[in-house]
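These are the structures, in structure tokens.
Note that subunit A is present in both complexes that follow, paired respectively with subunit B and with subunit C.
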Partner chain A sequence: MSSTAITPSPLPLGRRAKRFMADRPLIPLIILLVILVVILQILRPGIVNERWIANTIKFAIPLAILAGCQTMTMLTGGIDLSVGTVATMSAFIMATQIVNQDPAVAFLLAMMPAVLIGLVNGIGVGVFRVHPLIMTLGTTLIGTGCLQVYQRTVIASGAKIPDFLAWLGTGVTPMLGFALPNALLLFVPLAALIVFTLARTGFGRLLYAVGDNERATRLSGVQYWQVITALYVTSSLLAGITGLLYIGLIKAPSLSLAEPLVLPSVAAAVIGGTSIFGGRGGYTGTIIGALILTVLTTLLTILQMPEGARRILFGLIVLFVTAAYLRIVEDK
Partner chain B sequence: MTTSPLLDASGVAKNYGAVAALRDASLSVLPGEVHALMGANGAGKSTLVKILTGAISANAGRILIRGEARDIRSPAAARRAGLLPVYQEPSLIPDLDVLSNLRLTGTPVEPFRAWVRELGIPDLDLRDTARDIPLAVLRVLDLARALAVEPDVLLLDEMTAALPANLAEKVLEVVRRQGDAGRSVIFISHRFVEIAALCDRATVLRDGATVGVVDIEPGVEEKIVELMLGTRIVKTHVAARSVADKARPPARPRITVKNLRVGTKLSDVSFDLADGEVAGVVALEGQGQDELFAALAGSIKPSGGTIEVDGSPVKFTHPIDAIRSGIAYVPGDRSEALAMQRSVRENIALPFSAALRNWGPIHMRKERATVASAIERLQIDTRAQGEVQRLSGGNQQKVTIARWIAADARTILCFDPTRGIDVGTKQEIYHLMRELAGNGKSVLFYTSELEEVQRVCDRVIVIFGGRLVDIFPVEEADEPALMRAAYGLPRGAKADVGILADPHSSTQASNASDAAEATP
Partner chain C sequence: MNHFLRRQGWVTGLFALLIVLFIATKIIQPGYGSGDFGSLARAVLPYAFAVAAQTVVVIAGGIDLSVAAMMALTSVTAASMMAGASEEYALFVVPFVLAMGFVLGAFNGLLIVVTRVPDIVVTLAMLFVLQGAALLVLGAPGGGAAEWLKALISGTVPIPGLPAAIDAWLPKALLVLIVCLCVIWIPLRRSRLGLSIYAIGSSELAAFRSGVPVARTRVIAYALSGLFAAMGGLALTMSTGIGAPIPGPYLLASVAAVVLGGVALGGGKGGLLGPIVAVFVLRLVRTDLTLLAIDPNVTAIIEGAIMVAVVMFGAFITMRGRQ
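Moving on to the complex of A and B:
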């Protein structure tokens, strides 16, 4: 049904507030984030200080980049579950190759599996039309397997964390009276690039359009496989870079380094307002979603609950927040 | 009138947020009456129907059924009250077979079968999965399903849209008999011919309010249009090429189709399309026209024959190939062409980003200018431009065309672009097609409404059973001639066919069209 007339009658305050939030979907997210920080401060007075903020940002950034992978793939109605494995692989390869190789060579070697897995994902989804969930789950398993084989071959050489990555992952630079995490040097340009790509480039437009109505894009001359292949390669590259950043933060290479980030990255994108069915969402919401999840994790940690109860609560809060957010934003 | 109305709704209003979809609608249907509900797109017809059938609830208003106030809160409540709708979109669940679909709604099978036969489908297998049944047949099955439970008031929303003439005729006949049997039908249609042949009275909506109830009598068409639009519109023949133009020697063909074959659906079709020409395509439902358009658009590969563009043969494997040759396709189903959640602007600019080399930063100012001029040219109502799905059907259709105006396509393949949209928008689309032809572009125009042919086309291609049966010059392409040709009858045959065959409807229909001709 289409609009026939706009009635300018004043609305009750509640509805007006709701409409305001529906027009600016970021506002309720920011409010939620602030509420969580306030709760944290009440439960443990004094915890919210400069150091805590820097730490939260440090841990939120890898999650936010991986959630960026999910945001972009979800816009097309897909998902990329292989980001965890890709990040782990590049981190692990970097840490082991740096022992004997030039840093540039080690970097290239570390990014190779990312490109390969991205390409396989993209071709599988774009050309052979495998469902993204299955496709990326498959490459996850294959990647993990390859990593185990690789581990045996380098078991003697040992591993080390390159100083640069440690600096980037954990270091802070005092600036304007704040201790800014160095990771922001990587993240800010990267985030700006993603936001710009989604809003102002042909490729970004196509991601939304393909997720909204693939048939329509085909009739407009869009070649689906090109878009999807480029998308999954981009997603994998971002995941690879995240792996390098994350190893600098965690400083302990393992075969399941970034795995625990995969599902939170999906949750961050969904909380941030990206529709899992495609065509709707954006990266700024996702960043706040990642911050919310990170703060929530801290909050649950200081509650000193058993691990099981903490997970249950985490799951319930994620569900509740997502449902509430969708109700607010989708103005009916 | 002494009989009390079977259904009496008054003062019905419905708001969506700040937008009033209905302000003050009323509708009163007498027993045994076929009552037309009319209005331009966006006038509130669909909203009123949804309220009457319990799909949504009204903010205000009163609904009486047999004089009793009823609160219709759900489709089930409407059903109990004896109100049953047949919506524009098929409502069978695609993955179930017909029989399971019937069980789902508790529809008695035998009456359903009888109605299906009555409606002109003798060989339906109830075990067929709904997904595999053609759209036209699905709509008839929806109707049969509704008829089988013998509702007091049957609501038909654009029942004959997308129906081939032979099925439409049966449907109209059955609807008429419902009225004779003392039941009432609310009939929503954009086709005056049907309304003239079928309905007793019409309620006209405009901007969410009932603006008039008229008896259907010869010459009422003009009055209804007036009520619908609020101003008097002149129903003109959009001039085809002027005589001087016609004397001009035909240009080199833009597209030459030779012996085109697509599977079993289309065989041995040959024709030309010249620059500066609007060529009509007329066919009953499913005669191969879908395949013809899809093949020209690069959506499907033909299994034989050749397509030449500007004299050189082409092989399209993807719509992008056709688009590169300057051929754009506007599909009949708008939901097939639009990214519904995206803005008008992004939808219009979509083809610009398609090619790999255009994936980079978008030149926003240039794009805004191009899009604005296309919007201007098509007079798209951009009040709700943030999301295409909020536009009315007519405006959505304009967006699908505007895209290719903006992309400056040389040839536009329009597949039934005026289906289910209001009279005013139809006129604008006719004008646009003529204008494009005037600028040297070419248009291939399939229409399911025969009266459109003489308004727009220079020539008409008639397809029947997958074969091209005739090419008419526009002067000879009047409705009876086209109808005969569409049924595969040779030119010059005298017998009336289709809805024109019925003596009752024939007088009314010709009266209605006479009235149309007489308007200055």
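Moving on to the complex of A and C:
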């Protein structure tokens, strides 16, 4: 950063390009996304059309919101592995309670476990200083157990997907000659709110501060446990909302609905340039990271590889992208 | 004395807890005998190796999310190699699989050292890679295991001169576990390498400045973790007779037992004994809950709650100690 003021001699082009990208970390990510889409188009000409884009966005949104939970917790040096269980719980409760209850009541019931788990996570991490990884793994276990017990009680009443959620999850609205997924109605304000919170509000700055230097933050009078509790409750609420959106997209309530999204959500945040040690990162990168992972999944599906090979490639690419990205950004 | 208690207090407490649990088990089920203890030891075996794998890495200041996937891969490799093969062939399979675990673990460590990507991310990516590799080796549960391998962990150890009643309380599985862990852990703990592993976990910078080869030590720590995970995979194949490509619940359990066993997640503290006792405690709790005829789903809730409560309690104690 400090060397930008004086540039003694013109640098070679490669170095200049590298520095340009290091100053704008989003650019290499967008380039990667475009490259992936181009590869897709070459492999299967004509696949990249309006419908495909809408579908990609639909599937990327739940991942992006969950990755938002990871981004915010990772900024403080934590991680929230309970998002998958929380999302599954709220989705499952919504789908089963809507049968007999008023939608508003069902919604409140669906959000209740999210708040509870977030609160427990926050108190465990903030007050008792348990490692976030352990704390959220523990609440994941408890949550999964509760969900299984709950499932027994509602097995007779059945489940249905509320029309509104199906509309939100899968529907598209033609607008300006382009089919926009309805999920964007939820996601755009949400994403704007997260970006705004992180960049412009006191709470957002506190998250960065806590992750950067916890001791200094506490010495300057910040109530650490309040910040952390608020953070984990927010994260859980976001995960709960994701669950409602995701059930509208998948339309089949199950006990492991959002579980497969957990590890990719961590990967999306990391690819998007958020440091897992805290203090550095942002949400815009994460959104692009989620898009990259979604396109990547499509790409690997289209290649018609066996499931095993697909997972191997997925892992290797995540690793490679993260390593390359670190090289670019840290090389100052 | 105070120093000793602070160092060993946690493990002593765990042992006491284990004994209390055994007494509780005996009260719940008066018929609980040596046979049940044998099946407990067999059930613990894969968990214990997973925990050992996690412990080495955590002491070195890292974490390994790929433990369960590594076990799945080594298990299916062993099972598919031994399927339909002769008994003698297994003599070659066992060292091969162990070497495979060692190399893959070292690869984990090398990736972390070379790419400088955080260990959580590297092992997360490796989780996908190893899982995928396991699916490529064996698409569905199958394969086989040599009879002598299966016999290695079933039944008890006959010791001449001891009455059969005591003999019955020494299952072969327990002996296999103790021998495998001791052969690696005790020399390691006493060697320079073991000291280096603790040093880099305690403070990487201080270790580096005192001349510890940090990168090499880290790679070896992950390699040892891979070796333990391969033992876990073999234990899976030995106890089930087949290999399954889908990783079991060993990742979560290993992290839980490591923490319960008094190994600090920051690294540099703790030993192998604590986590292994913790595994027995966790398994025995599960046995007790099953004996009490509690819904297995409720068991999951209780297990999670115990884990969270213990960890909170431990963190609380550490905080009080620091003040």
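Basically, the second predicted complex is superposed on the first by the 325 of 332 C-alpha atoms of A that agree within 3 Å, B and C clash if a C-alpha of one lies under 4 Å from a C-alpha of the other, contacts with A are read in each partner's own complex, and residues count from 1 in each chain.
Methods note: a residue touches a chain if its C-beta (ideal position, glycine included) is under 8 Å from a C-beta of that chain, and two chains touch if they have at least 3 such contacts.
These numbers were taken from a predicted model, which means no experiment stands behind them.
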| item | value |
| --- | --- |
| Contacts of A:208 with subunit B and subunit C, given as first, second, both or neither | first |
| Which superposed partner A:221 touches (first subunit B, second subunit C, both, neither) | first |
| Partner chain(s) touched by A:145 [first = subunit B, second = subunit C, both, neither] | second |
| Partner chain(s) touched by A:93 [first = subunit B, second = subunit C, both, neither] | neither |
| Partner chain in contact with A:198 - subunit B first, subunit C second, else both or neither | neither |
| Partner chain in contact with A:323 - subunit B first, subunit C second, else both or neither | second |
| Subunit B versus subunit C, judged by how many residues of subunit A each one touches | C |
| Subunit A partner contacts - residues on subunit C that touch it in the complex | 63, 111, 115-118, 120-122, 124-129, 131-137, 139, 245, 252, 255-256, 259, 265, 295, 297-305, 307-308, 311-312, 315-316, 318-319 |
| Interfacial residue positions of subunit B with respect to subunit A in the complex | 15-21, 23, 41-44, 46-47, 50, 207-208, 297, 299, 318-320, 323-324, 329, 331, 335-342, 346, 349-356, 358-362, 364, 383-384, 390-393, 395, 403 |
| Residues of subunit A touching subunit B in the complex | 1-9, 11, 19, 196, 200-203, 205-206, 208-209, 212-213, 215-223, 226, 230, 279-280, 331 |
| Touching residues (chain side subunit A, partner subunit C) in the complex | 79, 120, 124, 128-131, 133-135, 137-146, 148-149, 152, 263, 266-267, 270, 275-277, 306-316, 318-319, 322-323, 326 |
